[in-house]
Structure formats: structure tokens, C-alpha cells
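To keep things simple, chains are lettered A, B, C, D, E and F as they appear, and every chain counts its residues starting from 1.
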Amino acid sequence: MTIDQYRLSEEPAYHPGGSEIAFYEAAYGARLPVMLKGPTGCGKTRFVEHMAWRLGKPLVTVSCHEDMTASDLVGRYLLGPEGTHWQDGPLTMAVRHGAICYLDEVVEARQDTTVVIHSLTDDRRILSLEKKGELVHAHPDFQLVISYNPGYQSVLKDLKESTKQRFSAVDFTYPAAAIEASIVAAEAGIAQAAADMLVRIGEKSRHLRGQGLEEGASTRMLIHAGRLMNAGMSLTDACHHALIVPITDDPDMRAALDAVVAAHA
Amino acid sequence: MTIDQYRLSEEPAYHPGGSEIAFYEAAYGARLPVMLKGPTGCGKTRFVEHMAWRLGKPLVTVSCHEDMTASDLVGRYLLGPEGTHWQDGPLTMAVRHGAICYLDEVVEARQDTTVVIHSLTDDRRILSLEKKGELVHAHPDFQLVISYNPGYQSVLKDLKESTKQRFSAVDFTYPAAAIEASIVAAEAGIAQAAADMLVRIGEKSRHLRGQGLEEGASTRMLIHAGRLMNAGMSLTDACHHALIVPITDDPDMRAALDAVVAAHA
Amino acid sequence: MTIDQYRLSEEPAYHPGGSEIAFYEAAYGARLPVMLKGPTGCGKTRFVEHMAWRLGKPLVTVSCHEDMTASDLVGRYLLGPEGTHWQDGPLTMAVRHGAICYLDEVVEARQDTTVVIHSLTDDRRILSLEKKGELVHAHPDFQLVISYNPGYQSVLKDLKESTKQRFSAVDFTYPAAAIEASIVAAEAGIAQAAADMLVRIGEKSRHLRGQGLEEGASTRMLIHAGRLMNAGMSLTDACHHALIVPITDDPDMRAALDAVVAAHA
Amino acid sequence: MTIDQYRLSEEPAYHPGGSEIAFYEAAYGARLPVMLKGPTGCGKTRFVEHMAWRLGKPLVTVSCHEDMTASDLVGRYLLGPEGTHWQDGPLTMAVRHGAICYLDEVVEARQDTTVVIHSLTDDRRILSLEKKGELVHAHPDFQLVISYNPGYQSVLKDLKESTKQRFSAVDFTYPAAAIEASIVAAEAGIAQAAADMLVRIGEKSRHLRGQGLEEGASTRMLIHAGRLMNAGMSLTDACHHALIVPITDDPDMRAALDAVVAAHA
Amino acid sequence: MTIDQYRLSEEPAYHPGGSEIAFYEAAYGARLPVMLKGPTGCGKTRFVEHMAWRLGKPLVTVSCHEDMTASDLVGRYLLGPEGTHWQDGPLTMAVRHGAICYLDEVVEARQDTTVVIHSLTDDRRILSLEKKGELVHAHPDFQLVISYNPGYQSVLKDLKESTKQRFSAVDFTYPAAAIEASIVAAEAGIAQAAADMLVRIGEKSRHLRGQGLEEGASTRMLIHAGRLMNAGMSLTDACHHALIVPITDDPDMRAALDAVVAAHA
Amino acid sequence: MTIDQYRLSEEPAYHPGGSEIAFYEAAYGARLPVMLKGPTGCGKTRFVEHMAWRLGKPLVTVSCHEDMTASDLVGRYLLGPEGTHWQDGPLTMAVRHGAICYLDEVVEARQDTTVVIHSLTDDRRILSLEKKGELVHAHPDFQLVISYNPGYQSVLKDLKESTKQRFSAVDFTYPAAAIEASIVAAEAGIAQAAADMLVRIGEKSRHLRGQGLEEGASTRMLIHAGRLMNAGMSLTDACHHALIVPITDDPDMRAALDAVVAAHA
């Protein structure tokens, strides 16, 4: 798998909500590691895709999870007809070839995964492939980006303070209403008026957060509703299947969300 | 194993209970991932079989469990006479060849399994075979479907919010009495009158749910009772072995269920 | 290992206690999965051996345990001079060749083991060998039987509701006194009068259950005592070594059991 | 490793404490599995060695522990120049060649280990080598013996009731004073009078059990003290190093034990 | 990978804060193992780099983590065309070739890792490669250094007393203001005045430690802020992204830190 | 690795504190297993080295840890060009060739490790290499020695009573002042007067044990301080780095220890 597989062939649409592009360009210029903070489905992944395209760098994305080990990132030996040969993992590929490496929800990964990035996030910028006996000096274009959802952390599962301090960080949240509506209209292929209605419903649902709802409707979910409308469903049915049923089974909460939709249908 | 193994050769019988077919067609049209919510044995698996047949797509079904890893879904290297070779897992096969992939009771699987589907459930529609060093772009026909039983979830074991938000969803429940009776009669090969009695018994047993019974008799269990009747057992004996003994050992609950059966025998 | 290894060469003695043979024949006729419920040592294993002999089918028995995995049931790759080759596990062998597969104390096994049987216990009757990439359609003679001891289950360790509902079930308990005595006499090779005494002692010990004794003497243990008598030991000594010492170290309980024996010696 | 390695070349000295030899001969005659119950160091291992010598059978002893798996007992595949070959484990070797297999402290082993012996401890007398695909029918001389220390069991770690019921059992305890003294004199090579003193000290120490001492001095420990005396140490020093320092660091308990020794020196 | 890979090619800048260089030289002269104690980001890693350069020795650095095993340090067998061959781990390489081996955050590693260093930290100075069957006597130049963050230890996770006692130790803390400012100015490439402001902000943030902030801004973080300023960001924005967002999401704490920055902007 | 690697080439200095040499010679004469009890750093390892040199036997030392398995002690199969071959572990090497095997801090090891030594510590004196299918009879010179730190044991982690009873034991503690001073002077190469001062400081620090200090300064730590003095540091600085900083971060305790040092400087 060559690194070119990881170049974005077309510009990912992105609607900036503030100065995050300027910050990212400064951080990339200084090759500071970057942490993107914010709730799920608000556009963090899209932002890093956009920046990779803008800076003309390949982007290697890794979705982290509880069972991910350092070997999954760094690489491992595989057995072939001539004995074992080494295969670079996604992080090593990015380090060698100067890609942006995006570790999505890094706090989910095991500790060995977060420690392996330490020597890449200070001025050493090296990656030690201990199993291979190789010290890889990072390509000048390499940068590390991680995402972090503050709402999910707990005492038991959080980044170590010595990891956090290695990153510069920027907050993300849902886009402002006008921006969000134009995103929904564009991505779902529906009329602006319908998108406006969906965004108003989404904002109302976010007010219910913490009152029995873990999170309100994300931008992603509004786009889902829009796509169902584009396929011919009514606003009410589309919201039912895309915004309500996926996230709650509580009858009172469902009734409250139904009322929100009815008020805009 | 070619993908053709996974094509359904004949139409799976399905009796719609509402607008679920229209919803599914809209969701499939937009290639939205779909979540089927509902209790065990109410027909979710049959519905997805029916839709796969209706849409003319192969269906790859995976029963998830606690010890299932991402490798079980994605694939792994096997050792042959020429060294190792890669074997696609069921998810990868569905992604490459444009099947519907149905992950049954996905919440049972380990976290790495739910994370691996993230990049398939947004507009990237890619699957990263990290061990193989390959990025698979999903076939245009590929769609992901999961089932979810709201009655089973707990704080400790639930889908992450960032996973739920990636799906459009539809509720399932037991069919209405007339529909359920015709299903039982057809599948068990018994007379309509007998099926009617079984369905009435089933409905009564569902009222006992939460009063010491975890769930009432499912459609599947009514069919079991019908088959024992078809093999010559009396209604009473068939209900005893198919509806009562399998689900409870509590003497009071057994007496209550016996009384329900006696009232209809 | 051919399937013929699993055919029973002579009829296993079995003394029916009720209508369990008729039920089993109806369930086998409809190919319904069967669950045998009852305490340890009351004859469940012997019953399924008897039915396999009666129906002329091979019987593959697997004792389940906490460390058993799906691979132990389904099969695995082994390394030979030509690289790896697949070896069917006991369940796969039964599925392919039309045996009755008996999973003894299935609740002890890990969750992946109980999930692997799901597609075999509905009308699909298929077994997916995911590691091999093969879908095995069950032989028409194949049937699945499991045993389940209600006295052992706990909240932490029980079959999932969605598993229980897939089975028809029948209760087992210790045989009636006259039947049990003839079993003990026949299996231990002792006189009917001695067997009668053992059975009366056994019944008394079962009344102590829950008063400090987890279970009373099973039929199996009465046969053990009979065999020690057949080898020349007195009733008192045989009961001491076969019925008392194995199951309790509590001095009061031992005294109570000694008194029961003394009353019949 | 042939089975002859496991034959005892000379008679292991054993001083019977009651009717345990008669019981064992009856149980072996009926091929009943045997459980030896009693505290550590009281002669259970020596007894089974003695019986194996007396019956002229090889004896395969396995010390069980928490990390022992069924494969450690049953066997496994090893990789050689021609690919893998099977190697019988100690249990399989005993089953094939008609040895007595002694599982010492079986309750320490993992559950899969105790379940693997189930089919060997009823009238099936078979061992299923699932990984090899072989059903081994036990040699007519094979017998299974386990040891069990009642003082060590807890709710969390005990044999399952369905395992216990498969065994006939006999209690062991420390030998009577006269017998114990002649054992100590013979095994340590010291005079009878010195052995008598050690046995009196040992009995006193056993009275302290439960008053801060987990167990008193076992026969084994008295022999240790005798051997140190045989090597020239005084009774006081020998008891200090062999009976006191190994088992307690509590100053009060040490003082109490010192006083016991001083009273006999 | 030869040991020369681990020689530092240019002098790492280091500003001494006290007598730590004299101590280190004395400890290295006596080949005493050294423990560097202090908070994250205060310059421990830089110090050991500086000392390795000063003493002209190669430096092998290992970032420890929860999943690190003794094999990761010592080495392992790898499979090649001629069968397995041994590959030294980073510790073994340092021991053989006379490097300084720096185990960063050693308390994170598993116990086997800390025990493996015991025989290297007393006058034996040997490393036993048990899997290889080799006793390696340490090169005369070899020395072991570990880092330890007192703020992170807990009862559950601390070095064993018998490990701590093997080390001589020195405390580290943040540099004095003047020194820290010149470090920040030099490393970030900003004017002295700007660096002074950042250091004053850093000191204020450290006073908030324990009042809702796990740690204040480290020297490393001040350098990050300086680099963002060097890339054109304002002091306020740079501090926001480098000092505040990475370490806290608490609105009150953010407001307090914002106020600190505003007071110096 | 031949056993000769494990012979000590010169006499390890040892200053006896009591009758421990006579005890050890008697125990070795009777080939009784020996347990050395005492705090860390008081000379247990040095003692066993001294005795091995005195008796002219090779000494195989193994530092035990939580992740050590029986295979690490006993041996394992390694893969070579001709398939697998067996490699003896350190215990097996000692058993075969008549070395003293010293298991340092054996209580840290996993249970399987302590059980594997059972058959070596009674009159069987055999080691069963179950994976190799070999029974090794111990060389007549073989002896087993373990160390045990009473201060570290807890209910959760202690030797099993049935393991303890297999050993004769001797207590160790810090040497008397005059002996300790001559050890420190000799090992650190400092004047007797300076060593006397260090020993007095050490004794004072041991009085603080249990008042916030887990253990006081061990003989080993006093030697460390002496070596730093030998390298030119003052008594105060040497004690700071060798006796205080490594073991406590508590300000009050540090002040108390500083005062102890100041009183002797």
C-alpha cells in the first residue's frame, strides 16, 4: 500500500466556524502535535481531511479502540515464504513518508499506544521500532493529530497528563445555524428551507441533552434525515428514523422529541 | 467461498407490520446504515433476509459475541505451503462484493469490532485492512445493517453514542394477532384455529413480562409449539415443552403459564 | 476420526420416568433443538444416549467448560507438512454427518460458543466456519441437544434469553423409588433389597438439601455405594465413602447423614 | 517417555491409620474414582504411591495449579521437521496405558481441567482428544485419584457439585502419635526418643491452629526437624528452623511455639 | 541497528538548575543507577541526553507503558529463513555495548520489567537472557537511569521498595524564571520579552495546581505557546491553544486561566 | 550456556551475623530446601552466593516476578532449522547439573511456578518436564533456596501453606553496627570513620520505619552513599541522594531524615 493511496483526490467540503484553519496552519508550520476536542459528529474528521487536502499532504486515519495495541500502529512481522518480513503499520507509514497521522478517539486505545507517540511529539521526532531494531526519524512533513471528546472521559479512562501536555489544542462544536443548514442542504441534496427546519429541530434536541439524552442530534444525523427526505420520506418520518429511534428508547424522551418535530413539520 | 453462496435462492416469507419496507428501501437508496431494534424472536433476521431477496443483493450474516474480534470480521493471514496468505472475513467480503452485511446483536462484540465499522458508516465508505496494508473502497451496493435489543442493554454494555449516531433506525415488535397467527399456521403446518389459540396464549404470556418473566413467548416459540402439535402432541403438552419449560423454573410462574394454556385448551 | 466412532454399539439401559421419550421423538421429528433440564447425576446423559441409540443416530457429546471457545466446537487449522489444514470440531462433524450433538452444561461455555449455535437452531440450520470461509448446511438428521441445571444458574452466568427461546425443553429429576432401586441393583450388581435400602437413604439425604447440603445423593452416587458393597464393603462403610465424604465436611451434616444410614443398616 | 518410567521401583513406606487400604482396594476393584481428603503434609501422596506399588500399576502424578489448562493434561501438537505431531499429556498417557493418574490439589486447576475428567469418571470411561480428533477408551487398569484439602476451599474456588459426586472419598489426617513417631524416626534417621519428643511438640503446635496459626506442624515438618538433628543440630535449633520460622513471623506465635519446644527440650 | 545510532550528534542544550550535573557525574563514576524524579515536561529527558553527550556515551531511551514486557526490553527470537534467531532488545544492546539506558516512566511497565533490572543494579551487573540461555556481563560503561513522577504514583502502582533502594536519586522541578525564559526564547525562537511573559503566565498557572488543575503549564507547553507566536499568533491565542485547551475543559478553570493570560497580554 | 558459567570465580565477601552458616550447612547436608527470610537489601543474595562458593557448587539465581511462568523456570521448545528443540530453563539446568537454585522473591511469581517446585522439595526430588515428556531426577548436589520478605506479604499474595511447609528457614536482618560499618567501608572504599557515621544514620532512619517510611536505609543504600562520598561528594549530599530522595517524597519525612543526617555531619 503506497502512501499515495492516502492522498485526497478532491477537496473535502468544510465550512469554518472560527479561526481553526489559521490555528492549524500555525501549528502545522511549527509541526506542533494537534488535539481536536469536541462532541461526536460535529466535523472533526472532516476538518482534518480538509486541512490535509489544503496542505497537500497524505492523511492516514486510524480509529482507535480498546483492543488496539502499539503493534497495530507501528507494524509487525508477517510470515512469508522466505521467513518473516516486516510490515509498517499506519503510524510508521505516516512517519516515514511525511503524512498527517490522525488518531481518532485515541483515548480508547491501550496505554502502550499513547506512549509510543511520546517520542514523536517532542523535539526528538523519532519512532523506535523496537521489534525491528530501527529508529525512524520522522519525515519533515509528518504531523500527529488526535481527537478527544471531553464528554466521554472518565477518571478511569483519560489521557495521561504527560500526554496531554504534548499537544496544542482547538475546540470544536456544532456549526452555527446558517452554516449548519447550508452543510445539510449540500450534503443531503435537499432544499434550503427543509435544511433550515432540520437544523432548528436539531438545536431543540440539543437542549434536551443531559435531561435524559446523552447527546442531541449531530450534524451528521441531520444529514441522514435530509437524505431520507431526498429519498421521498416526509420530514416527520425522516426525523423519526434518523434523529429519534437511533438514540433513545425512553417513551417520555421519544414523546418530547416527537413534539419538537411536530412543531416544525 | 464466493459471494454467490450468500444469495437467497427463494423468497423468505415476510408479513410486514407497518412501513418498515418503505423505510428500508429509502435507507438503502441513500446507502444509510440501518439499525433494527426490537426483542428477540420477533422477526428482525427474517426481515433483513426478505429485504436482501427483494433488493437482489447477497446477505452476509454474522452473529456477534463477546469474544469476537475485529479480525473475525475483517480477515486474517493463514499459513499455507507458500507462507501466509490473506483471507477476507465476512465483512470484507460484503464490502468488496456489494453484499448487505448484517451484524446480529452487535453490542455483544468487543469494542474493536464496533470501531472497525466507523469508516464504513460515514461518507468515506472505506475499510482499512491494517494487517494487510489495503484500503478497500466499498462496492456501491454495500450496506451495513445491525440489530439491537433495547431490553438487553445495560450501562456496562451498550453501543457508544458515536456509533449509534451513524445509523438510521426502525422499531420492531411482535406482529399483530391476525398476522402472527397466519405466520404460525404457515410455518408450523397447523390449522388456522390452532394457530389462533397459540397466538392468544402467546399474548397472555407477554403480559406476564416484567412480573417474573424476562420475556413472553416470541413468535418463534409459538411456531415451535405448532410444530410439536404437527408431530402429534396435544396443545397442552406442546405449550408445556415449547413455551413454558424453556424460559422459567419458577413454580408460581409455571403455574400462571399453565393456567393460561388451560384456559385456551 | 470418522462419525462411526460415535455410533452406540449396544443399547444404553434407560428406565423412562414419564413421557420424555414421546416428547423427544416429536421434537426430533420436527428437528427442534432440545434442552434437558435437571440436577446432576439424574440420568440426562444416559437419556440422550438412549435416544441416539433408539433413533439410530451417532451421538457427539461435548462437556462444556469456562475456557471452551467456539473454535473448540467448530474446528481449527492445524499445521502439517503441506502447511495448514482444517480439522472439523465435534459440532461441525455432527452438522456435516447428521449426528445428534449433545452440549453438556452448555451454560459453562463462553458466550461465543452459545452464539455459534444460533444459526443452527432456527430454520436456517447453517453453520458458518468463518475461519475456513465455508457455510455448512446441516445434514437432515442433525439435531442439537443441550443440558441445563436450573440449580446452578446465577444472574452472572445464565443462558441469554435469545438462546433459551430457541429450544424446546423437558424436565428431569431423580427416578421414582422403585425405578431407581432397579437401576441401582442392575448397574451395581447388588441384590434388590440392598438397592432398596440405598434408595431410601438417598431420598432422606435429598430432604437435607438446602439445609447445608448443596444437593442430596444422586442416582449415580447410590450406584457407587452399591459397587463398593459389591466389592465386599458393608452398607455403612459403602455409604460413608460414596454418599457422605465426597460431598460434605461439615461435622453436623456428616452426623445427620450418618444417622440416616444407621437407621437403615 | 514410556509408561515404565512411572513404575515405582521399591515399596514406598506407608503406615496405615485405619481401613483406607481396604477402601482403596474396593474402589480400585470397582474402578471408582477416588478423592483423598485431608490437610497438607499428612501423607496423601505417599498413600497413593504405596497403593500404586501394592497394585503393581504405574503412577502418573500431576501437581495442579491455577494456570494449568486441559492441554497440559491431555496433550498438544508440537512442531517438528515433518510439521506438527501429537504428544500425549500425562492424563492421556495414563488413560492409554492403564496407569493410576493422581491429580494433586485438583481444585487449583482451571475449570476446563476438571471438566475434561468427567467422561473418565462415569461408565463411559472415555477421553476425547478434541484437538487430535480421537476418542480414547480407557485401559481397563486406569483409575483416577484426586486430592482435596477441605481447609483451603472457599466459595470462589471449590470443585463443582457435579464433579464431587463422581468420586468416592476417604478422609486423611495426621497419624496417631506412635505411628507418627516411628515414621519420623525412620525417615529422619534419628532415635525413637528424639522422634517421640518431636511428635509431642508437633501435637502441641497443632492445638494452636486457628489461634493465629494456619496449620500446625505436619509430619513432613517433623521429619525436617529430625533431619537437621541428624546433621548435628540441637532439638531447639532444629525445631526453630524446621517448625517455627517457616510458618509464622508473628512474635507472639513464635514465643508460644518456642515455649512448646523449650518444654520438651 | 548498531549502537552508533544512539550516539548524540550535537550537544543538547541544557541549563542546569543546581548541582545535578555534579551528582550525575559522581553517580556515573561509581556506576550507581540513577533515578530522576520530577513532574512531566520539566526537562528530565533533556538532562539525560545532555549527560550522555557530555560523557560521550550512547543513550538508549525506552518509553515504558502498561503493556511492556520484559521481552520488549531484553529481546526475543524472531523467525527467519534459517529458523529462529535472537534479536537483542534495547536494554540488552545498552548492556552489551556500554550505553546509558534510560527507562522513561518505568513505573508504568509491568512487574517483570522492573525485576529484570535487579541484577543490573547491584554489584553483579549481569543480565540473564533466560530465553537465550546467556548471562551478559555489563560493559564497564553501562549505566541505568530511570525517571519517576512522584505526582502520579498511587498505592496500586508504585515501584517496589526493593527496586527503589537500588537507585541514587535527584529531584527535578521547573527551572527558575530567568533560566526558563531563556530556554523558551531559545527553543521557540521568540524575543526575550515575550518569553518572560510566557514564563510569568506559566508560574501563575502552576499556582492553580491542586485547585482543579492536575498540573500547571510545563516548560514544554510554554515553548509550544512560543512557537505558535513565532508562527504569527497573538500571545492570547497562542496561550489559549497551547496552555489552556489541552489541559482543562472546566469552564471556571478556563476562565481563571484566561484571566491570567489577559493580565499579561 | 554450560553450568560452569554459574560457578563463582572468587569468594563473595560475607560477614556472618549469627549461626546462619552452620544452619545452612546442616540443611544442605540433608538436602532440605531453604527459605531465607528478611527485608530487602540486608544481604540474603550475598549470603547464598557465599554459601555456593563455600560449598563449591554452581549457583543459578532467578529473580521472580508477577509474569513469570513455569515455562520460564523449566524450559520450552524453540523453533530451529530442524523444527523445534528443547531448551532447559534455569531450574532444570540446576536440577540436572547439581547447582543450587536460588529463587529470589518467589512469592511474586505465578502459582504454577510455586507448584512446579513441589516434587523437588519432598523426597521424590523429581522435576516433570510435561511439555517434553521427561522426568528429571535431581542431581545429588541440587538444592533449592528461596527468599521471602515478611514485610511484603499480604492476604492476596503469600506462599501457600503447603509450599511453606516444604522449607526449613532462617531469619535475616541488618548486620550489627560494627559489622555493617566494616562492610560499608570495604564495599564503598571509604574510611572507617565515615562508614561509622553512615551506619549511625542508617540506624536512625530504621527507627522511622512505620512512621511514614516503608523501610529504613538498607546496608545496600549505605554503601551507595559511601560510594558517592568516595567520588568526592560531602556526607550531607551523598546521604541526600542515596538515602533520602530515592525512598520518600513526603516533606515532613524528608525534613526528619535531613535532621538525622545533619546531626552526624
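Just so it is clear, a residue touches a chain if its C-beta (ideal position, glycine included) is under 8 Å from a C-beta of that chain, and two chains touch if they have at least 3 such contacts.
Because the structure is predicted, anything quoted here is derived from the model rather than measured.
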- Superposing the C-alpha atoms of chain B on chain C takes a rotation of how many degrees, nearest 5? 60
- Message: Taking each chain's centre as the mean of its CA atoms, which one is most distant from chain F?
- Response: B
- Note on the structure: chain B and chain E have mean C-alpha positions lying a whole-number Å distance apart equal to 52
- Task: Report the inter-chain centroid distance for chain C and chain D in whole angstrom, where each centroid is the mean of the CA atoms.
- Result: 30
- Item | Per-residue overlap in chain E, given as positions that touch at least 2 other chains | 79, 82
- Task: Chain touch graph shape: choose line, ring, star, complete or other and state it.
- Result: ring
- Check: ring from chain B, direction chain C, yields B, C, D, F, E, A
- Message: Which residues of chain B touch chain A once you look at their complex with the stated criterion?
- Response: 19, 22-23, 25-27, 29-30, 32, 35, 37, 69-70, 77, 79, 82-84, 110-112, 114-116, 118-119, 122-123, 128, 130-131, 133-135, 150, 160-162, 164-171
- Query: Tell me, which parts of chain E touch chain A in their complex?
  - Reply: 1, 5-6, 40-41, 45, 61-68, 72, 76, 78-82, 87-90, 104-105, 108, 149, 152, 187, 214-215, 218, 220-221, 224, 227-228, 230-233, 237, 241-242, 245-247, 249
